[in-house]
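Paired with chain B in one complex and with chain C in the other, chain A is shared by the two complexes that follow.
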Partner chain A sequence: MTSTTLFWIFSIISLISACMVVSLSNAVYSVLFLIVVFCNTASILLLLGAEFLSFLFLIVYVGAIAVLFLFVVMMLNVKIDGVKINYSTIFLIGILISLILLIQIWTALQLDIEAYDNIGVPLSQNNFPTIISWIQENELPSNTESIGLILYTSYSLVFIMCAFILLLAMIGSIVLTMNQRSGVKTQQITLQLYRNQNKVVRFIDLRKN
Partner chain B sequence: MNVLYNEYSAILTFFAVAFLISLIILILSYILNPQQSDQEKVSAYECGFNPFDDARATFDVRFYLVAILFLIFDLEVSFLFPWSLVLGQLPSFGFWSMVAFLAILTLGFIYEWKKGALEWE
Partner chain C sequence: MITQLYCENYTFFLFLVGVLGIFLNQKSIIIIIMSLEIMFLSVSFNFIFFSIYLDNIVGQLFALAILTVAASESSIGLAILVVYYRIRSTITIELMTLTKG
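The block that comes next holds the complex of A and B.
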């Protein structure tokens, strides 16, 4: 089974599941189909040779973001369904957005194929490099290593900005969702341990009074 | 073609076998089982009494907070991974940029700790 066949299988499954995501009326099922899309996209990234990105996709998107989506779906009131949306109003905006996305993907693809030409890897008829370049496999750093070699030095500004964005997400989510309930009884272990029998237990002589 | 695929082809084979076996079990149990539909079979099971509420109740927003905080620290660890792989080849600037990254996120962690976001009342 060649990589082109695998690419077709993964992309067809992900396209079908993506159509299911937007067409299903039950939101929980659409999130589950979204997970299928994420898994298949991770496999396509693996086929491209982007190992680290692929597993990051699995860990972050399937492991965390899908759970977040499920939480959001559960927090919404899912009992109201069968609401008819007037599709004609959002149809034009949808076409516009998908046209922009299509142009972006097209330009990115053109750039990629040109880059392959510049390296000198021969292209087959359907514009995919077909040979194993052993020099590349043995001498050049792997995908994860090459990300590591430039991310922390050349792109350190972006890296630090990423830290600030994560900090913002952390503080923002705490500020938005924390609500301190007053009067909640909690266990305070230090107070329990400090409690001494000499201070607490008293003997009262009832006879005298 | 890429050399990478040879290492992952075993995983793909496992996936294919698992998919086939689960499909066979599902189809066989559908075919071999006597199908007698009953209203009690499809209703939600409650121990002894009739179910009085839907299972899809809205729940506390704090689960969401825990999931977001998990996601952020998950990303932090995944940024650490390629750094640890190439630490020997990086100049000291690369080391200190990661230290700055960790320091910024530790600020957030201290804020989170003091605010009590991780505590479950």
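The block that comes next holds the complex of A and C.
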């Protein structure tokens, strides 16, 4: 199986499941199809040779974002209520936007980029893989290594900025979802810690006649 | 061999599905956030593809930054959604008139 066949399979499955994400009414099924889209895109990236970002997509998108979506969908218990939609007005906007996008992409494709046109895993005509020189492969830096070599040196400011964005998102979501209810009797730790045992335990005369 | 046009078409259709998912959908806002994720995915795929095609590693760094922004965006959006559900107990877009004045 050549890489082109694999690319076709992954892309068609991914596009069909993306359409299912948009069109399905049950949100749980939409999240599951979203996971299929992410996995197939990660496999196409693996075909292209970007190993680090492929596995990062699997970890971040499937492991974090899709699980977050599933958690929220399960927690909210969304009811499907039949709100009538006037499809005629929306459809016009959809066609307009897709036309604009199509024209933009078409003009972008007219640009002639001077580079080699064939990428991917080299396979010979008889589907036998070509001989890989492992000594040369060991000498060359891998994808992960070449990303790390410039991410921590020339683009370290971008890295720090990413860290601050993630910190901001974490603090923001915690502050948003934390609800402080007033007037609820809860455990007060400071008062408990300040309690002195000499004053707590004392003798009481029950029969003081 | 995977040519440039295949990847271009793939990202274009994926982005189109995301955009149409925002505009043709009026059921719940969670589908809209999901189609935003699809759009982020297609854009970062485009960055990675062209970084491989033009043999320049900076595109993959941009994809990394997009990944960070996508993760933080979805977490904050879902937090806002949870707060909204606590107030209104529905997430239908048709009934979103809290800031109407």
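Quick note on the criterion: the second predicted complex is superposed on the first by the 120 of 209 C-alpha atoms of A that agree within 3 Å, B and C clash if a C-alpha of one lies under 4 Å from a C-alpha of the other, contacts with A are read in each partner's own complex, and residues count from 1 in each chain.
Please note the rule applied: a residue touches a chain if its C-beta (ideal position, glycine included) is under 8 Å from a C-beta of that chain, and two chains touch if they have at least 3 such contacts.
The structure presented is a predicted model; accordingly, all values stated were derived computationally and were not measured.
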item: Touched partner set for A:Y152, first chain B, second chain C, both or neither; value: first
item: First (chain B), second (chain C), both or neither touched by A:M74; value: first
item: Partner chain(s) touched by A:G49 [first = chain B, second = chain C, both, neither]; value: both
item: Touched partner set for A:I171, first chain B, second chain C, both or neither; value: first
item: First (chain B), second (chain C), both or neither touched by A:N40; value: neither
item: Of chain C and chain B, partner touching more chain A residues; value: C
item: Which of chain B and chain C A:I65 touches, first, second, both or neither; value: both
item: Footprint overlap on chain A, comparing chain B with chain C; value: 2-3, 47, 49, 52, 56, 60, 64-65, 68, 72, 75-76, 78-79, 147, 151, 162, 166, 169-170, 173, 177
item: Chain B to chain A touching residues, read off their complex; value: 1-5, 8, 12, 54, 56, 58-59, 61-65, 67-72, 74-76, 78-79, 81-83, 85-86, 89-91, 93-95, 97-98, 100-101, 104-105, 107-109, 111-112, 115-117, 121
item: Of all residues in chain C, those that touch chain A in their complex; value: 1-8, 10, 12-21, 23-28, 30-31, 33-35, 37-38, 41, 44-45, 48-49, 51-55, 57-58, 60-61, 63-65, 67-76, 78-83, 85-86, 90-92, 94
item: In the complex with chain C, residue positions of chain A that touch it; value: 2-4, 7, 11, 14-15, 18-19, 21-22, 25, 27, 30-31, 34, 37-38, 41, 44-45, 47-50, 52-53, 56-57, 60-61, 64-65, 68-69, 72-73, 75-76, 78-81, 83, 85, 87, 90-91, 93-94, 97-98, 101-102, 105, 109, 113, 115, 117-120, 143, 146-147, 150-151, 155, 158, 161-162, 165-166, 168-170, 172-173, 176-177, 179
item: Of all residues in chain A, those that touch chain B in their complex; value: 2-3, 6, 46-47, 49, 51-52, 56, 59-60, 63-65, 67-68, 71-72, 74-79, 130-132, 137, 141, 144-145, 147-149, 151-153, 156, 159-160, 162-164, 166-167, 169-171, 173-174, 177-178, 180-181, 184, 186
